[in-house]
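Before I ask anything, here is the structure I am working with.
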Amino acid sequence: MTQKAGERERCVTGIEGLDTILYGGIPRSNTILLTGSCGTGKTSLAMEFLIHGAVQGENSLFVSVTEDSEKLLANIIPYKFFDRELMKSGRLIFIDLPVLYESLGMNKAELSMEEVDLLVDAIARMARELQVKRLVVDSITSVCYKLKTPEMIRDFILKLSKALSDLKCTSILVSEVGAHSTSYSMFGVEEAVADGIVLMANMERRGDLLRTLQVIKMRGTMHSRAKYVLDLTSTGVLLVPLLKGGST
Amino acid sequence: MTQKAGERERCVTGIEGLDTILYGGIPRSNTILLTGSCGTGKTSLAMEFLIHGAVQGENSLFVSVTEDSEKLLANIIPYKFFDRELMKSGRLIFIDLPVLYESLGMNKAELSMEEVDLLVDAIARMARELQVKRLVVDSITSVCYKLKTPEMIRDFILKLSKALSDLKCTSILVSEVGAHSTSYSMFGVEEAVADGIVLMANMERRGDLLRTLQVIKMRGTMHSRAKYVLDLTSTGVLLVPLLKGGST
Amino acid sequence: MTQKAGERERCVTGIEGLDTILYGGIPRSNTILLTGSCGTGKTSLAMEFLIHGAVQGENSLFVSVTEDSEKLLANIIPYKFFDRELMKSGRLIFIDLPVLYESLGMNKAELSMEEVDLLVDAIARMARELQVKRLVVDSITSVCYKLKTPEMIRDFILKLSKALSDLKCTSILVSEVGAHSTSYSMFGVEEAVADGIVLMANMERRGDLLRTLQVIKMRGTMHSRAKYVLDLTSTGVLLVPLLKGGST
Amino acid sequence: MTQKAGERERCVTGIEGLDTILYGGIPRSNTILLTGSCGTGKTSLAMEFLIHGAVQGENSLFVSVTEDSEKLLANIIPYKFFDRELMKSGRLIFIDLPVLYESLGMNKAELSMEEVDLLVDAIARMARELQVKRLVVDSITSVCYKLKTPEMIRDFILKLSKALSDLKCTSILVSEVGAHSTSYSMFGVEEAVADGIVLMANMERRGDLLRTLQVIKMRGTMHSRAKYVLDLTSTGVLLVPLLKGGST
Amino acid sequence: MTQKAGERERCVTGIEGLDTILYGGIPRSNTILLTGSCGTGKTSLAMEFLIHGAVQGENSLFVSVTEDSEKLLANIIPYKFFDRELMKSGRLIFIDLPVLYESLGMNKAELSMEEVDLLVDAIARMARELQVKRLVVDSITSVCYKLKTPEMIRDFILKLSKALSDLKCTSILVSEVGAHSTSYSMFGVEEAVADGIVLMANMERRGDLLRTLQVIKMRGTMHSRAKYVLDLTSTGVLLVPLLKGGST
Amino acid sequence: MTQKAGERERCVTGIEGLDTILYGGIPRSNTILLTGSCGTGKTSLAMEFLIHGAVQGENSLFVSVTEDSEKLLANIIPYKFFDRELMKSGRLIFIDLPVLYESLGMNKAELSMEEVDLLVDAIARMARELQVKRLVVDSITSVCYKLKTPEMIRDFILKLSKALSDLKCTSILVSEVGAHSTSYSMFGVEEAVADGIVLMANMERRGDLLRTLQVIKMRGTMHSRAKYVLDLTSTGVLLVPLLKGGST
């Protein structure tokens, strides 16, 4: 772990274990795919990443696709590191994608190539105007269901990622996979165009179901690829190496 | 288990083991996916959840999709915790979805986007008028067969769940999966939009077929993710940890 | 096994082991899915269920879909519990579904929604007129091949099962699955609408291929879910627990 | 093995081991599916069944679908139990199905319902005129490729099997499955309408690839279901139990 | 191994181990499917078969489908058993199928039934005019991609094989399967119409990837079915039994 | 390892371990498929291959399909073996394929046969004009998504590979496969037309995720097929045999 970790500036996630795994944080401007099945803690981790950003003074935007942001909020209020002030000050912003769809007149089940471009533009404009430095889309999978070919999905993620990168915004795209899936994504192409892949999974052990986290890939930095056990506590995500000696 | 379990109000299921697993009950207004293959005890558990609610004075509605509610009733009468008075007093209500379909003029094998909205409205109106606080749909899978795309299924469950949540109704959507399936749902998308996932399964052990229960995810509360053995008895569902030390 | 088994009346199968497994027999009016791959003994078991019924004075109807009933008969004559008088007295009745199709003018490979209703009506009318109390369809799978969507298959089985249940007729629907399949049915939906599932399978053991039987689900009664070894003998089906201690 | 094997007349295959497995031979008039992947010895076994029949004075017909019967003949001449006289005397008859197709004007890749009936009639007429008592179709799979739905395949095999059974002809339909397939047939429906299933397979053992034979199902007789090792020798098929004690 | 191996004339491959496995060589006029995934040595083996033929004075034709024959040549020149004179004398002939396609005016991605016949005729005419006794098509899979149904693929291989057999030409059809595939062919039907199947595979052992060869089927001769380890050396293919005692 | 490795000229990759595995380097003019799932190090290896080429005075072209070459550059600058001068001198050239698409007027999601030819020509012309001796396409999979049939994909790779080979250009085509896939390519046909396959994979070991490399196939040279552990360091790719004794 004495290797030089490269020169790119870091976006410190504030999740201690994860910053260590990444040799200091996510390379700024990277777009990360945060992959896992239901209940593996994806939303919790992504939320904590945003709240830490907001606390550190970086404007942070949560784009909610499937869950009402009000309901979302009801579930994070008990977390000790959450402070309602962050929202009042405009540091932590929530937007429901269905609202955005509506304002863009996109009411069909399927998006056309042109609508994809409009959608990327709308998100990018919002990020620019609000000077967003951290962004989460939860989930990108939910958007991808509206795109009909792997090529369109690649295209969408590429363009979104490029637009956000140009704004120096570090982004987490939440990716849902089926229970016990060993894929990184639902459609099999999302991962190929992301700058990093963080895999969250379930692991059965002695009748219990542990959560695990593993960084598969991260462009622009050295990183551990070891598997960590993840605990969701009221003080946030805790990461413990599954096995000693398990770092690159 | 000394962690603060969050501040959301609880819907006490009345199934002792399950309330312990959930640190006090299902967070009120949550929509739960109760998943399992045939014979794992889904209907029994959901029924007991409703009866306990009715006994505690909460109006409880069973929306039956595949089974005639009369036939259903014949099978629960032997249960010791069931009391016919609950039905007479209007605390425990049964409705057959096919009857509702008919009254809405939905007689095709496939539902359109508009009909989905009508269906959600009809269920929500009934829940509002009857002041329902607990609701079961058995099974949601059966409804989903009438929806032709994953996007429509997500949409349907999202809208239904939002409408019920707005009424402070705690709901269980029964989800059927194939024998030996390791998925949480038939179409692979139902789980992504639910607030919680309770997985019921079969487990072969020494020539016998045990039933198991495991809470995979529950928004708004800490919970155990350990696997429990479930017994169906005439006094209701019994839950025993599969292995000691198996709680989070 | 001292638990109260509920109050529903029983249809005693006459297959000793099976009645024990079911705490006295199949709850009367239930529709059972009898599932298994080729050669697991489905037809033999179903036939014995009918013959025992006929001997006990209950009119019993075998609806043959794939095999000529004459050929069928040639194979059961050697069984010691079979008596040709049962047929002459009208207690044991055979009908070939292809003949019924023809009389209904259904000569296409595919059945429409309306034809499904006609078919259910025709079977129900026959059961009513002949005062049938036990019915076997061998195989339901063969009928389902003529139905083009899972929704139609669910619908068909639901309607048939409701019509037979209304006549207090206890029914066995034979369900074919592929070799080594772990599903309960060919199309994955048949089991969801049945009142019970009895699974017959092959089990390789020391170079031999044993037959096994397991009751996965039975509405309206407690039952063992243990796996039994099934022997086909000239005196009928014999069931022996695979392992001691294997009952619920 | 002291059980009464039923009353149906037997067609003695002449393959000693197989007749023992079947308690005396195939029940006469049965239609058997002989299933296996390439190289498991299906054609050799079927051929030997026919030759033994011819030697015993029963007219035997080989319907070749994929291989030129001349080429076929070149490969069986070295067998010690083959005698050219059998062909000259008309006891052993070969016909190439492509020739039959042509004479019936069936030159399309796909057969219609009517053509299937014509084909069955043509085969049955030939069997009747030549007084055939043993018939092999090698392979039925090859014919099934021309049928476009599972229902048509079931129909075809049912009708063929009924027509041959009416002529008291005992038939073997050769069924090809893929390497390492655990199915009994290519399309998954052929086995459901056959009176018997004989499974031939490969088994890797210490770097060698053994051939095995197992009778999965046989209507009208008791039979062993144990797995036998099959050897192809110049004096014909040899069968040895894989493990002692492996019979029903 | 003292069994009489039949009377058919042999085509001695010249690959010592293989001729032993086949009790003297491939029965002359047989069409063999040589199956394996990338890098298992199919082309090398087929090439050596042709070169040995040419050396022994039999005209040998390599039909290259995917690789330019010039490039092919560059890779075999280092082999010690190759002699450029073989080509000059016309004993060893290379033809690129794309060139043949062009000369036949077949420039579409898909071949019609008629074009398949034309193609078979063209190859057969060439084989006849050049008096070819050994022929390799590398790969047949590549041709099959142009055929749209399993029936057409069977048809094509049957006709080609019959035409070549009529010329007393012994042929190897190279069949590509995916990595780790356990099938004998890409489309699942090629093997059913071949006279023999030689399977080449990879086998992981202690971190290395061994090549193996196994004869699954060979019409017209006894043969070993044991697995051999195959080594590609500059003096040609070497075959060593994987395990002692592994022959039939 | 004393075998004569053939006579073809080598393209020394400059990655020490890999050149040893290949008995001196990639045979010049070969087109290699570099296969692996996300995060296995494909881009790093391909980039190092190009940089070493540029340092040795060979013009090297990186065709980027999914990633912006600017972003790409940001990630390789920290590598010690990278020198910005290589780009200024024109030895190391980056081109974004989307730019090329645009200049060719190819703005549809799907490419026609003619457009494939145009694309191959454009790449070949560029390679010729810039006198490119090493070329990387990252990834070819991304291009293949625009081709609609396996036949077109084969065609495309064949033509590209032939055009580059004619220019004596040694090429690496990066091939993406899914996580845990054991295939060599996404569409299953890419590998059949490549001159070599280098497989990169993940390997779980004691809670860590190692990267491995294995040469499956390489036309025109002897090579090891053993599995190597691959380390990405700031001084480039390091290869260590997974197990001693693991070379051919």
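We just call them A, B, C, D, E and F in the order they show up, numbering each chain from 1.
As a convention for this text, a contact is a pair of C-beta atoms (placed from the backbone, for glycine too) under 8 Å apart; a residue touches a chain by one contact, two chains touch by 3 or more.
Not measured: the values here are computed from a predicted model.
Touch-path distance (fewest steps) from chain A to chain E is 2. Touch-path distance (fewest steps) from chain C to chain D is 1. On superposing C-alpha atoms, the copy chain A sits rotated by 60° relative to chain F, to the nearest 5.
For the touching copies chain E and chain F, the fraction of interface residue numbers used by both falls below half; the interface is of the different-residue type. Chain centres here are Cα means. That of chain A falls 60 Å from that of chain D. Separating the centre of chain B from that of chain D, both taken as means of CA atoms, is a distance of 52 Å. Rounded to whole angstrom, the centroid-to-centroid distance between chain D and chain E, based on C-alpha atoms, equals 30 Å.
If touching chains are joined by edges, the resulting network of the protein chains shown is one closed cycle, each chain touching exactly two neighbours. Every residue of chain E that touches chain F in the complex is listed here, in rising order: 37-39, 66-68, 71, 74-75, 77-78, 109, 139, 141-142, 145-146, 176, 178-180, 202, 204, 206-210, 231-234.
Chain A meets chain F in the complex at residues 3-4, 6-8, 27, 113, 149-152, 154, 158, 162, 165, 182-184, 188-189, 191-195, 197, 214, 216-217, 219-220, 222, 224-227, 241-243, 245-248.
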